[in-house]
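Heads up, there are several structures right after this.
In what comes next, chain A is part of two complexes: it sits with chain B in the first one and with chain C in the second one.
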Partner chain A sequence: MAADKLDGLAGVLDSSVILTTDEDMAPYLADWRGRYAGRARAVLRPHSVGEVSAILRWASATLTPVFPQGGNTGLVGGATPDERGTGVVLELGRLNRIQDIDTAGNTLVVEAGAILANVQQAAADAGRLFPMSLGSEGSCQIGGIIATNAGGIHVIRYGTTRELVLGLDYVLADGTIVHGLKRLAKNNTGYDLRNLLIGSEGTLAVITAAALKLFPRPAASASACCAVASPQKAVDLLSLLRERLVGRISSFELMCDGEMGLVLAGDASLRLPVAARAPWYVFIEVADSGGESVLVEALTAVLGRCLEDGTILDAAIAQNEAQAKAIWHLRFAVSEANRRAGPNVSHDTSVATADVPAFLAAVSAALKDRFPPARPLFVGHVGDGNIHVVALFPRDGFQGPAAFEATASAVNDCVFAVVQRFNGSISAEHGIGRSLAGHLPGHTDPAAYRLMRGIKQLYDPLGILNPGKVLSRA
Partner chain B sequence: MAADKLDGLAGVLDSSVILTTDEDMAPYLADWRGRYAGRARAVLRPHSVGEVSAILRWASATLTPVFPQGGNTGLVGGATPDERGTGVVLELGRLNRIQDIDTAGNTLVVEAGAILANVQQAAADAGRLFPMSLGSEGSCQIGGIIATNAGGIHVIRYGTTRELVLGLDYVLADGTIVHGLKRLAKNNTGYDLRNLLIGSEGTLAVITAAALKLFPRPAASASACCAVASPQKAVDLLSLLRERLVGRISSFELMCDGEMGLVLAGDASLRLPVAARAPWYVFIEVADSGGESVLVEALTAVLGRCLEDGTILDAAIAQNEAQAKAIWHLRFAVSEANRRAGPNVSHDTSVATADVPAFLAAVSAALKDRFPPARPLFVGHVGDGNIHVVALFPRDGFQGPAAFEATASAVNDCVFAVVQRFNGSISAEHGIGRSLAGHLPGHTDPAAYRLMRGIKQLYDPLGILNPGKVLSRA
Partner chain C sequence: MKLLVCVKRVVDFNVKIRVKPDGSGVELANIKMSMNPFDEIAVEEAVRLKEQGKVTEIVAVSIGPQQAGETIRTALAMGADRGILVKTDATVEPLAVAKILAKVVEQEKPDLVIMGKQAIDDDANQTGQMLAALLGWPQGTFAFKVAVGEGSIDVTREVDGGLQTVGLKLPAIVTTDLRLNEPRYASLPNIMKAKKKPLDETSPETLGIDVSPRLKVIKTVEPGGRKAGVKVGSVAELVQKLKVEAGVL
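Moving on, here comes the complex of A and B:
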């Protein structure tokens, strides 16, 4: 049967679109961390929206599961096919043209498969800023960014992906092409289908192009690293900065000292920017039009006051771009440091910003109580209330992957129970994918979850689009 | 039958909730401009979410249409009951408590019936800014603001209502209460039901409470009125301002000289801020932390350069708050001036900002060609590409309301045809309501329109919620 299926497809697509050998398919069948792996009949790499439409028409006619994939950089298994091997991966990387840049209106129109870093560069070349920035920007695709409503380090200033997308073109499960790509800042014509697709992780439709918002490039920026005694002090510092430097805070990140220790231990070339180790560190970037000296002066004034009144213990303000890069390198080295440090279970939680200190204390206590061998580590976007909680286990802590997965699941339950007490989110920016699909019903209003199932049924009545992701199989 | 229906309701609600006399109901049965009027069995004014739920359970059981209503200040007839008289108006004004203000996290939790100005004031009393601002803020309600995704004069800086809402509580058509009110900046747990409700104009559910974003209060602000030769010059000025005063532009409004003439003619106390009449005027507000003098200096520098290079013809920068108020009074006097000036047909269009000059020229030409007696007037939020196109007819231009309505419909068609050529929106910020429901299918991708109908069917299978609004009757 399966061979017949692909034959039907070969009749309407160029042969270069269809990859079927194990070697050709391998990069698309497992996620980059090697955490999720699946199988597929084929990997399809269309060149055009017409080919995407043809693929979905064929998939609907043959009831073939379709797993849309961007740069395959996700953290929740949202882009990996399942183990059944009955479906196809639909990889969008060949639809990668930047179609239009409008500097007067500050918009950029791009196909879904364009790599984020290329979009950032195209905006920069036009004298503008596309502010989405995250670790995988060198390989993640715009379509994936949108399908997962990605966050990153500039959300505090520019919002999540949701707030950067003006319009979308997409293809429905039956192959219908929907033209929704308007470059409008305001448009109140009916229900907000655009935001319904943003964050739907390929389960409702396949995004093919987007109109994005651009911003002026700030002429000046300044970075600092501060040592603080507690998360509460970090929240206090943020409040003051927000008041004194309205609209200029581009990043405000928090890291615990345990995490800093791992980062520094992993790379001998790295240096602590402040004079001595402290319980917590804050990473700040501010940016503005006008002169750099004015901005550095303003930041220095705020941090000086905070030193005096005890809000912060120490501060290092970057005096040049190399120093700024060195500060931010510490923040960006976290993922790699954790990977090296040993088996760990990480979470993407958020709570109201004011609740962050109490939440971190509660999570820390719960983990220490339930999992004494684990070290709780915290790093994240405290300005968004989004903290990545990491439970780091000893290197020899598990007898094989199954033992690890069992403990990981128990750690998830432990952390998520605390999240629920704080009315927080079990997935602030990474999405649900396959890894959290089973947890979603327990953390969603039951009527809201039924509505989500209804929406899935409306958009994808045959259930061919990314089955098993976001919503668990019924 | 109808009496029995209300009897069933009286059993579960306090009698103070149910208004049935003509006198009591009158304020809720027509819109404030007197453009739309309807009838109803009763006007229901619940005190609690439980009562809202009871009303909707009863309405579902008896198949009674429910017309949710906030401050009744809409411009498209979205809150007015229809002429059948078989339904009830559900007015939310008694659910008006501000439940929580969190100054560390910059959030405010409020019930749907709270008046916008009261929310602004509560935020101000806490040293924060709730930036939504529009003409009807003294009487419009938060629930209506959210249900219509209202815009206003600060969208250029803070976004539309959509971008100011963190979470919603609401009641479904069958009376089910949905708890979605989280105070989270980031939350990627499943489909975005929140944005689906925002802008759904009471056709999918009844919003009962919201968590809103607050902002720091800028310590300094400055206002200016500039004379410019053309809309293109206004767009050029905006580009330069955006670059030089990154993140500080709170409002950027455009008005044609014809409109200015009407405004000045209507109130002898008003003065033109610039030295002489000009083809177009721009109204600017910038706001920032720090000192007022620094901000005024920066604005003066940009406008000085624009005077030199011919981008603007003249500029008046307010030297004190009284002058700033006088400048903005001109902008806010537009609605009243138009009401007085004679029969007029107004539109709420948007296009990409860069297209505004060509769009205005095309609309102007089309109106002059098709409706020679009409004067085209333009005023709006040019920074959002959102221009209100007004066709003003001679006072004695119509023999009765029917003749006016027929012409109004033809004027709509004429303007909307130009909007379509520019891939714009027929409703940027006012919504669809009943007045544009018939136009929506012609300006929406057919598959997208089918999805909207499917969403309506999913949320409101009996069709009792605000029937005939947004989507025309099937």
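Moving on, here comes the complex of A and C:
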């Protein structure tokens, strides 16, 4: 019977769009973290908006769940189909054309399946900057970063994905195509549906194209890695840099020494930029349109002062692009290093920047108390108050996935209780997906949660779009 | 033992260079400049020899515009003791550079000169050899490993098909290859110390060297783009193509 329904689809679509063998489908059925193994009747890889629309029309008619997927790098299981195997994965990678670059208006129009790194490159080739930058940029798609409202390392300067999107084209659950690719900086015409779709994680509509903001390419940049004694020192350093290098800080990232150890252990060619291991490290990038040496001089002067007054213990300042890349590689290698290191439960929490030191101390204490075998690790975007809290367990710590899931859930509760005390967020940039759907009601105002359900009902009355994600099944 | 290292300011290795529209050279305006990577390796080796107690003083020399002083500061931050900037805004060709360096060597009397095997801007690979010839000193080029002895130095060189070790009597010239070492980061304390290290300035004229170019650049063009590949259907077709079209089998 299932085959009949898919046959109905096969009549509408080119055969190259439909993947059905286990081998062909495998990469699309598991999440990046390896936490979920889903099933699906088919993986669909359309070439055009028309085909996306046809698929959704068919899905609505047949009540087939559709799981939208981009680069499948999401960290909360949002793009993975469930285990029921009744749905289809809709992967957007073939809609990858860059349609327009406007260097006067500083806008770029691109289809949703384009890989982020290719969009960055296209902007660079046109002498502009598309500032979204994160560890998965070589695989994640524009549709994916929009659907998750991704953050990354430049939020401190350019904001989250939300701030970078001017307009969207998308397809509704019933196949209706909605055009909204306006390249307008100002547009107050009714409710802002674009902002509703940004961060909707594939539960409201399928994004097919976006108009994005570009920025001038900073002519000069400088990177440094600093050793600091505590998170408080890192926050002190940030305030001072903000004062002295107004508007020029592009990234400001914190990493604990345990995490640095994992990163260095994973690749013998990596080197610690500073002279000796320290309790914490800060990664800094500053950039502006002025001269290179002036910028390096300004950064050196501030850091020099911080060295003298004890705010930092040591620092290495990149003397060329190769060293800058090597410094940032350490920060980007974190997700891979954790995946290699063993079973870990990772959290994407945020609190007010000033609360970061107290929050880290409280989480650390809570985890040590409740889960003694776990090693707490911290890395994150301090400038945004966004710290990834990772509890790393011994390699042989669990008898099977169920045992791990049970502990992971308890670890989540433990960390989120601390988040709540600090009036923070349980998901700063990765979204809710499947992993946190159960936690969302407990951390959202009840009226706001009811509105979310109402919006879902309005956009997707049949409940076929990414069921079980963001909002748990009713 | 006193050591001289040569450092050149070049377009950063990671910058994608563009040819000027009129073909007269490459675009240098607003481009990130850094120390020639082979020279970084030379400085690193010099500093390691000093840390091993084999060298007492490292002098870093650069020939170029005022900003080449920043390149010397980087060498000082890595561990060189003092710098000499031979300031000129002219284009200085390898022979003129070698003549200037020979003059500096005459004045400084180092026991060893370490420099890059080539600079990544012009890729000439000539200066070290010319300097050795002008001074009548032995040369160990493309160094993969160096071992300093009493009044001598063993230089293991990267040559076609393997490694070759030559023993040189000091004073000598060594040019560095890529695998000699991995240069260190400049640490903030050392960058601050470097600001206080002496940096002397002189000029080709003061040294009595005529730097007028002897070569004329006729044209600069971008390398041709790579041709797109083709998919072959079978191993047999691949072999056929390699034989007939590529002519490599």
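Some observations on this one:
Here, the second predicted complex is superposed on the first by the 473 of 474 C-alpha atoms of A that agree within 3 Å, B and C clash if a C-alpha of one lies under 4 Å from a C-alpha of the other, contacts with A are read in each partner's own complex, and residues count from 1 in each chain.
Here is the rule we use: contacts are C-beta pairs under 8 Å (C-beta built on N, C-alpha and C of every residue); 3 or more make two chains touch, one makes a residue touch a chain.
None of the values given here were measured: they were computed from a predicted structure.
Legend: residue contacts after superposition of the two complexes on their common chain; A:R271 is shown touching chain C, with no touch to chain B. In the superposition on chain A, A:G304 makes contact with chain C only, while chain B stays out of contact range. Counting residues of chain A touched by each partner, chain B versus chain C, the larger count belongs to B. In the superposed pair of complexes, A:I432 makes contact with chain B only, with no contact to chain C. Look at A:A316: by the touch rule set out above, it reaches chain C but stays clear of chain B. Contacts of A:V89 after superposition: neither chain B nor chain C is touched. Once the two complexes are laid over each other on the shared chain, residue contacts for A:L6 go to neither chain B nor chain C.
In the superposition on chain A, contact of A:L172 is made with chain B only, not with chain C.
In the superposed pair of complexes, A:V382 makes contact with neither chain B nor chain C. Overlap of the chain B and chain C interfaces on chain A comprises residues 219. Residues 102-107, 148-149, 151, 155, 159-160, 162-163, 172, 176-180, 182-193, 195-196, 198-200, 204, 216, 218-219, 235, 239, 242-248, 287-290, 298, 350-355, 381, 383-386, 423-432, 436, 440, 443-445, 447-449, 451-452, 454-456, 458-459, 470-471 of chain B are the ones touching chain A in the complex.
Residue ranges on chain C touching chain A, taken from their complex, read 12-15, 30, 32-35, 37, 40, 67, 70, 74, 77, 182, 185-189, 191-192.
Interface residues of chain A facing chain C in the complex, by the touch rule stated above, are 219-220, 224-226, 271, 273-275, 292-293, 300, 303-304, 307, 312, 314-323, 325.
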